[in-house]
Structures are given as C-alpha cells and as structure tokens.
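First chain A sits with chain B, and in the next complex the same chain sits with chain C.
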Partner chain A sequence: MSDKIKVFYEVPADDFTRAGEASSNLKSMLKKMGMNPETVRKVAIAMYEGEINMVIHASGGTIDVTVSQEEIEMVLKDQGPGIADIEMAMRAGYSTAPDKVRSLGFGAGMGLPNMKKYSDELKIESQVGIGTTVTMKVKIQC
Partner chain B sequence: MVSESLTLHQQAMTITDLIQKGDFKILNEGNNTHNRITVPYCCDLLSIAMGKMPAGSAWVTVMGNMNTLAVAALAEAACIILAEGTDLDEPSKNKAKEQGITVLKTELPIFDAALMVYQYLNA
Partner chain C sequence: MSKFFTSVHLKEDLCMGCINCIKRCPTQAIRVRNGKAVITKEFCIDCGECIRLCPHHAKEATYDSPEIMKRFEYTVALPAPSLYGQFNHLDDVNIVLTALKKMGFDDVYEVSGAAEIVSEMSRKYVAEHKEKWPIISTACPSVVRLIQVRFPNLIEHLLPICAPVDIAAATARKLAMEKTGLPAEKIGIIFISPCPAKVTAVKAPIGIQKSEIDAVLAMKEVYPILLPLMMQSIDDVEELSISGRIGIGWGSTGGEAGSLLSESYLAADGIENVIRVLEDLEDQKFDQLEFIELNACAGGCVGGVLTVENPYVAKVKLKRLRRYLPVACSHLESGDEENRIWTDEVKYEPVFKLGNDMKESITNMSRVEEFCEKFPRLDCGSCGAPTCKALAEDIVRGVAHEQDCIHILRDYIHKLSDELSKLDTKK
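And then the complex of A and B:
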C-alpha cells in the first residue's frame, strides 16, 4: 500500500458541542484500518488538543491529515490571533483560555504539552495577527 | 474473553459488573460494557484527564458536558462516573447514547466514588 490517504476537516468556530468531532472521526477511521491501538490513542489525543485550541483561541480552522505507511501527519491551520511567545505557551500550566471555557473544564494549560507528549514530532509556526499552523506527526507502531 | 490475561491479585471487573453492584445510577449504558475497568481516575480538568488518564479508567468527575464525553471517548475511558449529584444536560445525554459511552452518576463525593471502584477492583 504505497498510496497515502488524505482527509480534510473543517473545525467550526466557537462550537464546543462539536469540538472533538474531527478527532473522533479520524480515530474511528484509523481503528477501522486496523491500526495499533496505542498509535490511534496518541493521534486522537494530540489532534483533540489541537482541535480544541482552534475552537478556544482561533475561531476554528482546518485540519489536513495524511496517513502514509510510516506515519500520520496532522496539519492544523487557523487564522486566529497567533501565539506571541511559543516557548511560554508550551509550559505546562500556562493558559490564556477565557473564563467561559474554563467553566467547561478547559484552561488547565496542558493542551500544547499534551500535543508534544503524544506526537513524535511537533512544529508550531505562528505569526501574531495572522494565524498559527501546527504540524504533528505520529509514527505508526506495528 | 479479556479476563484470561489478568494477574491474580486484581479482580477482573467489567463495566457491566460495576453497574450490577447497583451503587451508581445509570445515565447511559454504552456499547462497551463488556470492557474491563482498569483503575479509578479522578480529575475535572479535561486536558489533564486527556493527557494522564489510563485507558480503561472509571473516570470520576463533576464535569458533565459534551467535552467530557469527547475526552472519555478519545482517551478510552471505560466509563464516566459523575459525582456529587452532577448530571448530563440533554444534548450530552443524546451524545452519550449516540457514541455508546457509559455514563453513571452518584451523590457521593469524587473521592468516595473512586474509592468504591478501587475497593471493588482490589477486593
């Protein structure tokens, strides 16, 4: 199987009831493909955190997923406010989530640390006022 | 089926077994009730739960919303136990049905609910 599988998701703005749909969808797809459960769990967690971040901070965005034989790549793009200090944002416990989402149980400041922990490669490109692109890769375990 | 690979000191307890103890009220019986509960887990902050909750957890929390369901499904919790009398709102109940996630509730505080699961697992 040398073909790559590509999937595209749109993440709607401000809709916490639908946040997680893209991750759930990808998770069940990977499960159906018979992928190793640990790989599936890593992808699901890393992508959910990215998806939630786009809803909380960036009025939604898009996710491009490419599944190859070796890895799963997720590219999350938004046109939100951007991240001024990526190093600071990566710190566990640091959060800029507004109160209304804290009351839903978010804002622990673990989103980016979780994305780092569960992906094998994480790249964040961000420009203040223009947007953020997060690329995550998870290696497929056999 | 799952229980064959168990170590001897810990009891095998499936979600069905826990339900049958009758301590918790059922808000939704999911499609995974034959799965084994591995450990009780307590946390209300979703990203911490997402990052740290072991697969197969009986997740005890007071957060009963749509996002709790998403985290439970993605992190592969065995079930959600809503403590302190918290409840799911209607859309979340429907979502739990749709996604086949087992959600239980109790008037007990988080610690007591988790302790109860722990004691069953280590009886």
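And then the complex of A and C:
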C-alpha cells in the first residue's frame, strides 16, 4: 500500500458557482483523515485562493494534490495569461481584477499574500501568454 | 448515559428500507442494512430531517408523555416561544400560559423570559470578545453538535452562554423551591419542545455538566390538549407572562441575532444552508461580522419537527403577537451571570475520521479511492449507502462489503455464470 495519496481536480473556467469545489472537497477529505484542524484550515484557505485565481484570472485549470505523512502539496496549473511581474502581484492590495469580478467581492489583491501566509512553501512559475503554475506546501502539524 | 445519545430513532416495523432518508441526511448518518434503516449515533445531529421526510413515518423522536407530570409533587412548564406561533388568532400569550396551568402544571416559566437575559448577556459578551468574532449562537443544539463533530476550527467562536431553556430551568426550580419549600427532586421542570435536538440537549448536554430539565414533552402532543383549555381560559386569563418582544422573537430566525441590536450579523436557517455557512466561515470567506445565528430548521424553531403549524405561518403569528409588547420584560440581575456561562470545554470529536494516525489514514483513504474507481459512480443508493464514496468508506471502516454494490455483484455473477457455462461446454 502506498504511503501517499494523490487527488486530481479540474477547475472549470468562468464558473463562479463551482469555484471552491476542489478546496471544499479536499477539506472534507483531510478532515476524514483526522488531520489536525489548524493544518486543514491552512490548506483550505490557501487552496481556495489559488482556485479562485484560476477562475478569475485564467480560464480554469487543474490541481494535483499529494498528501503524505509529512505534508500536503498542491500544484495548481493553468494556461491563462500568466503573470508578468510576480513580485508586484505578490504585494498586498495589488490586483488586476476587472470591475465585473470586483462587484462579486473579489479583487482585494489579498489572494497571493494569503497563499503565502497560510502555506509553508509557495512557488510561482509563470510565463506571459503560456500560463502559471503555483506550488504550495503545507506541513502537517501534530 | 452513552456518550452518543440521539433522540431520533427508527420504528422498525414501519421502515420499508427505501432510500429517501439515506439520501437526504445532511451528515450521511443513515444506511439501509438488511432492508431497514440504521442510524449511526455518532454521526447523527438530531436535526430531524429524516423525521420530516420519511414517507412511511418510520422515524420518530424520543420524548416524554404528559403522564410524567404525575411523578412530581410540583411541576413547572417551560414553553418554548415557538409554541405561541402554533395557534390561530392568539393575541395574548397569557391565554396559552393559563391553559398550561389548567392542563395540570402548578406554574409556568417562559423560556422567552430567559432568552431576554441571554440576549443581554450576549450583547455584553460580543462587545467584549472582538478576538472571537464572528461569535456563533449556541441556542440550537443541532448546530452545536454539528460544529463539535465537523468544524473544529469554529469551536472557539461558539457563544459560551447557556441556552435560554437551561437558564429558564434553573431559575424555575429555584423559584419553585422558594415558593413551596419542597426539595429539588420533588419539583418537575418540564420543557415543551419544538424538536428532538432539545431532547438530546437535556440527556447529553454540551457545555454544561447536567441539565436542570427533568422531562421534555413534544409540542405536537401538548397542542391538542391545550386547544380546548385555551377556550376555557379566555374569561379568567392569569397574568403570567414575563417576556417582551425580544424574548418571543427568539422563536423564529433572526430573533436572537436581532436582539443584539447590531447590524453586523448573519442569520441562516435550514440545515443545508447552515452547513454552507459553516464551510465558508471556516475558510474565512466573510469577515467583519460580529455574530452568526444558525438554526437547523427552516424558519428557526417554529420549523421544529415537533411543531404543528407551517413555520412561515407561525412566524407571521409570532410577529403579530409581538407587535404591542414592550421590548423586553426580563432583565439580568447582578451576580446571576456566573452560573449561566458554560462550565465545560467543548472538545472536537472527529467521529468521521478514517484512521488513528496519518499513516493509517493515508492507507485507508487510498483504499477508499481505489474502491471508488471500481464503483460505477451512480450514487444509486441500492447498496444502502447514500453515495458510492460513502460505501467505499463503510467498507474501509469494516461495516460493509464490496458486493453490497449491486453493480459489482452483477458483474461477479456474470463472471461466475460464464465460468459455469464454460465448464458445461467442456463436458
């Protein structure tokens, strides 16, 4: 029997009613695994922000999650417009969200800062016109 | 008392083994095994959904019969405010209270009176505990239990003040002892409940050691007894009420939150909606809220499964009844606060977990995923579990078998008969 568990999610484009499905699905799985509540909270918040970003800023994408005994790794891949200046995007309050999305309550420019805050490791690889891959790791506390 | 008491239970002779309840139970606590529904007590939060929807009326709640009054020398009725919403053309709650005395109770103590005290205490608590915002109401035991087993991160947000009914019970007993000189055990404090969750809260309380309530009657059983007695009471109505607009407002959604006199609250009802709010709350999707009122029943306690009137109609009736009342009639007296605060820490009970440590959980969760791959993902319910995934989890927990899935069983039988026919042709 393997010592890791892998799950895969597809995040559909432009569907706000389904945005958040992957993170809530993962959250429920982690709870069933008896994971420490604080760890579950960090994963759920970080992954939700990433998932929403894929819906708002790219045209959906995929998420690969690997849970091992030590950590939870989330790899969020999209083929969206990419991020030209990652450092700038990471700043609290920076956002390019269009008005339509802002009226839904998004676009505070807090997503990436929150992803950094709630994950133990955050890596963003992005190429303009090709897409973005965000890798986050959360250590499992005991 | 067993750690997992639930009031909701099955009447086996009426159960047809259909899949209505397993599909709609919000915590997936029900399975059909050997043709009958089985409730897993650990998972059940007594919300009453299955009682509400079972077409064969095979689910019921445990509660006491009015006969129980005879066991005590002196009895006090504790009517929940939702009771007042059950009657047509009622314009004075004193009529209901007088009728309760005619029914045989020696005295009445309105839960809505105690609710006004809880409102006062909550206002203070919310103002003094900004770090715990949003604070989640704890008046609905079904919601508290749900949070305890499924939302560990929200436990610290729970309002640690006893529910109105518990405060009413303690005060009523004290008053009765003073009035009669009887010892505590000769006095029966009897609650008239809209729901099974409140029965459970008496038998297996959360946040306090022991409930002061001695017995719980179902509103729907008291209702037909009260109707004729109310007619008789009209000419000699006693002034018994101790509650105003705030207290009676607690009977339906928004009443509790509204009584905090702040705009910054959310009030949700219906167990599915409650779960959605809790999920979002856990992911910190809303901030800047001070208070969250949650009721398992649509409409609030007027929607309790032991009530008789349509909840939305009952809500209108409560509103009418409240209109000319003073804002509040019961007030906190200093020194009273202490024994109205939760004494016991609420601990997370991970009843749904699949392993004792991470290693075991990973192994078990991968087995769940493997089974899910095999199943047709129809969620047809024929196996007795609500979804293919739930069956997979049951198998891993050791309480079900792969071949409970009729699709797997069918393939197995086909394979078997293929092999048999091959044997046959060889002959």
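Brief remarks follow.
Following the convention adopted for this analysis, the second predicted complex is superposed on the first by the 140 of 142 C-alpha atoms of A that agree within 3 Å, B and C clash if a C-alpha of one lies under 4 Å from a C-alpha of the other, contacts with A are read in each partner's own complex, and residues count from 1 in each chain.
In this section, a residue touches a chain if its C-beta (ideal position, glycine included) is under 8 Å from a C-beta of that chain, and two chains touch if they have at least 3 such contacts.
A quick note: this is a predicted structure, and the numbers were derived from the prediction, not measured.
For the composite obtained by superposing both complexes on chain A, the positions of chain B and chain C are in clash. Of the two partner chains placed around the shared chain by superposition, neither chain B nor chain C is touched by A:130.
When the shared chain is aligned, chain C comes close enough to touch A:69, but chain B does not. Of the two partner chains placed around the shared chain by superposition, chain B and chain C are both touched by A:23. By the touch criterion defined above, A:31 reaches chain C but does not reach chain B. Within the superposed three-chain model, A:86 lies out of touch with both chain B and chain C [touch as defined at top]. In the superposition on chain A, A:41 makes contact with both chain B and chain C.
In the overlay built on the shared chain, the residue A:3 is in contact with chain C alone; chain B does not reach it.
Two complexes overlaid on chain A leave one chain C stretch from 236-244, 272-280, 308-316 or 398-406 clashing with chain B, and it is 272-280. Residue overlap on chain A between the chain B contacts of one complex and the chain C contacts of the other covers 20, 23-24, 27, 41, 44-45, 48. Across the interface of their complex, chain B is touched by residues 16-17, 19-20, 23-24, 27, 41, 44-45, 48-49, 52, 104-111, 113-114, 117-118 of chain A. Of all residues in chain A, only 1-5, 7, 20, 23-24, 27, 29, 31-35, 37-38, 40-41, 44-45, 48, 67-69, 140 touch chain C in the complex they form. On chain C, the positions that touch chain A within their shared complex are 150, 152-153, 279, 282-285, 348, 350, 352-359, 361-367, 369, 393.
Those residues of chain B whose C-beta lies close enough to touch chain A in the complex are 44-48, 50-51, 55, 61, 63, 65-68, 70-71, 73-76, 91, 95, 99.
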